[in-house]
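Next come two complexes built around chain A: one with chain B, the other with chain C.
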Partner chain A sequence: MWIVRIVMIAIFLALVEVAVRTEILNPFFVPEPSSVLAGMASSVTDGDFLGMVAITLGAVLLAFAIAGIAGVLLGFVLWRIRPLGDAYEPLVAALFSSPIVLLYPIFLVIFGRNSAAIIALAALFAVLPTILFTKQALSAVNRTLLNVGRSLSMSSWNLFRHIMLPAAAPTIFTGLRIALTYVLIVVVAMEYILQIGGLGRLVAESALLFRATDLYVSVGLIVVISAAFIWLINQLERLAQR
Partner chain B sequence: MATTTDAPAGRAVSGEDNLFTIEDLSVTYPSTDGASRGVTALEHINLNVGKGEFVSVVGPSGCGKSTLLSTVSGLLTGFDGRITVRGDTITGPHPNVGVVFQEESTFPWRNVLKNVEFGLEMRGLGKEERRKRALDMLSLVGLEDFVRSYPHHLSGGMKQRVAIARTLVMEPSILLLDEPFGALDEQTRIILGEELLRIQRALDQTVLLITHNIQEAILLSNRVVVLSARPGRMKAVVNIDLPAERDSTLLATDEFAVLVGKVWSVLREESLKAFAQEQKQDQTNHEETAHA
Partner chain C sequence: MRKTLTTMTALATSLTVAACSPPGSSGSEEEGLTQVNIAFSNPTIFTTGLPYYVATDQGFYEDAGLQVEATFTGGGAETVQAVVSGSADIGTETSGAAAIGAYVEGAPIKIVSASTTGLDLQWFALPESGLTDRSDLAGRRMGYSATGSSSHIGVLALSELLESEGLPPIQAEAIGGPPDNLTAVQTGQIDAGWTQPPFFLEEVANGELVLVADGAEIGDYADVAMRVNIANISFLEEDPDAARTFLEVQQQSWDWIFDNPEEAVKIWQESADLELTEEVLLTTFDYYEREELRIAPLDGQDVLIADAVEFGFAEEPLTDEQVSELFDLSYLPED
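Coming up: the complex of A and B.
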């Protein structure tokens, strides 16, 4: 499976490479994939680059951790305490579908023009789907599966750990994957717009200065970060279903 | 109790070998809107089941069969009357009681083997031991080739066999089964029924089986309880005086046909009532919708 994926991507990149070298694609807009890959590889040893990667990675990690932990806990509370769930679930759902990113000027005023503002905005945006999906996942657990556990006289903790959690995991982790997407979008977009921080700023700068290779290197690194997080989330999901 | 056939009095069931007893059990589900009185599912059920006995319950759909099973298994606690298991009054699930549910109940995140190991794992049994017992049970229900499969790759009947194996592997002294063969085809149903009977004899288990299949009830049981249309009352108890050593060849005998006739005559009447109830319900629903 892995081999097939890698080969498919390699074929695509090779086609682009040929297209750029034969100038079917304008090298001014599309750099050669080989030089982008070389750039990504050398960025690992380039202090400036690494610094930017670290800033973006740190912001994504922090915002996602806050949103993930707070979201799952709040979702659990909304499920556990019925009146709270009835009262707040519609509100969370309404906020979820509204463009909270546009609140960014307020966050700048509160936190200043720095990474903290970006992390707070990303976390707020991403916590909503996490709450919503966690609450719905727990409410939707099949009663019969719980009755299997209850008929075995299982303790409340074991019921939760071995039936509730694994049964709810697919939906909770769908929420977490959406949360990750939000965090990445908000962090990179804010870095881009505000011209502060890491890879998002680099994308903006490279675009402004027509440095196509740097631009694609930055985008490539963002994709790598995203893939790494998805891998992490998948591992956590497996753990929950054990 | 309107006993149209043999009363259970013929059975000498003294307190000692009663493995479980149901005394004057009535169950009313509270209404959700608080306006009406709620649904009375069962009324005045009395049943004594002795050790090693196999009792089946038949009745029209919606008469409270699953409710009966929920109360005996300790999962439903809001009822009037008393249920005892080995002399203990039931207030919650009992460790000697195993349940197979009517609805699909396999764990989708566990493969077949790990599903069957579940209860043993929760009781803290070692890996080797529980694996061995689960594999033995899986070959008994004919799933030895699907040990590593996940439930979503299995048919409804196979999933139900996994659920049965998961309960049987715990070797409960009392086994409660709610239409366990409902999703199976006729042949598999008969063969698994015979298998269940064999296991029950071997482990000297006490079984309460809920079914909508009269043949199955008669073939497997010592007694068949017929419930009335909702609210479920004991309409009749039919003693099955077939030889203890039996198999599905009995299906073709005259004796068997007589028993089927006996059960069916009661059940038919109640099913017609249940059917009329349902139509009336539909009609009121219809009128309510029309008014709204």
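Coming up: the complex of A and C.
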């Protein structure tokens, strides 16, 4: 399967390479994939570039950690205290479908024009799906499983650890995957719009300076980082289900 | 089914044809007028918006046979992007450095005239900031409009000047136009913002803001065309007369503005929906000479190229061949 994926991507890149070299595609807008790949390879040893990657990675990790921890805890509270859940779940769902990202000017005023504002906005945006999916996951745990656990005199912790968590994990991790996607999008988009921070800023500067190769190198690395994060969260999910 | 497929094919074909059409060819001609798409940066500003508002109000475009469709940008490279992408045939009031940077990367553009000669920028701060002159700006966060804009070049040049005096460099932030800079200064996002006369001069007079630096203090830009007008090559090849006509109208508008300042500020106030009084707007004429807003000659090409290299928009100076290709002043009015 991996070979098929790689071959398909390689064929696509080869076709683009030919199209650019024969000027079917305008090299001003689309650089040769070979030069982008070379740029990606050389950027790995570029200190300035790695610094920008570190800024973006740091913002993503911090925002995701805040959203993940707060979201799971709040989702647990909404599930555990039913009146609270009934009262606030619709509100959280409504906020989830709102364009919260447009609040960024307010975040700039509160946190200043720096990465803290981006992290706070990304965390706020990402905490909502985590809350919703956690509550729904815990609510959907099969009562029969819980009754079996209780009949075996399992402690509350063991009931949670060995029955509830594995049963709820797939849905909770679906929420976390969505949260991670939102964090990545918000962090990079805000860095792009505000021209502060790491890779998003680099993409903006490359675009504004018409450096197509740099732009595609940055975007390519953002895609690689996104794929790496999704892979990582899948591994965590497997770990939680054991 | 076949009918649906035929319709879809026709739709796809028309979309493809539209997407592949060169800039300038997409405009429909109404009543014998030639449509020209123009990118104007920061349209409320005197040097960018006013000639467009006056030409529209006084019917200069129609009289010259043009139907101008305006696109508004944040300035600098955003204006160049609009021209490169074909959204605009001509981009006005963009910095020479941004245009040079785009050209060396292969952008299909030409610089066709000067727009503003000299650096007409001022930087302001809050009185409680303690900033009083340009040396206080060392190490501070300063706003500019967009990457490659003249306000960006101004901040970079000021930073370089401070560094040459042994002071820390400025932290430049892309904030937007003067109103955005005011908000950013008032909310502590940046220490100093940029403006152009007459914006915020009233606040300075009232003591609500202080001016900490002026473009005249930075380098020797008095005789340099810091902002230029650019055009897409496809448009120039397809309709050179429209480009010439637009530049003629641009000069005609400036002449009219300086001949009729009272009427001009009324048009400016109404068209840009400005809250400033006509009296305040009239003070703008204290800061600009007619010659600074002429479209020709285009002075200071060597400074523009040197700045483009110095500030990272181009890796090396342009060759003579590149200079003559990029700076094409053949579209200027003959007189």
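Quick note on the criterion: the second predicted complex is superposed on the first by the 242 of 242 C-alpha atoms of A that agree within 3 Å, B and C clash if a C-alpha of one lies under 4 Å from a C-alpha of the other, contacts with A are read in each partner's own complex, and residues count from 1 in each chain.
Keep in mind that, in the parts below, a residue touches a chain if its C-beta (ideal position, glycine included) is under 8 Å from a C-beta of that chain, and two chains touch if they have at least 3 such contacts.
For clarity, every value in this text was computed on a predicted model and none was experimentally measured.
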Clash-or-fit label for the pair chain B, chain C on chain A: fit
Partner chain(s) touched by A:212 [first = chain B, second = chain C, both, neither]: second
Which superposed partner A:113 touches (first chain B, second chain C, both, neither): second
Partner chain(s) touched by A:169 [first = chain B, second = chain C, both, neither]: first
Touching partner for A:151 - first (chain B), second (chain C), both, neither: first
Overlay on shared chain A, then closest C-alpha pair between chain B and chain C (Å): 40
Contacts on chain A seen with chain B and repeated with chain C across the two complexes: none
Interface residues, chain B side, partner chain A - complex: 73-75, 92-95, 97-99, 101, 103-105, 107-109, 118-119, 122-123, 166, 170
Residue numbers on chain A that touch chain C, as the complex places them: 27-28, 108-109, 112-113, 194-196, 204-205, 207-212
Chain C residues touching chain A - in the complex, by the definition given at the top: 76-78, 80-81, 84, 101-102, 105-108, 141, 146-148, 173-174, 184, 187-190, 312-313
Touching residues (chain side chain A, partner chain B) in the complex: 142, 144-145, 147-154, 158, 162-163, 166-167, 169, 241
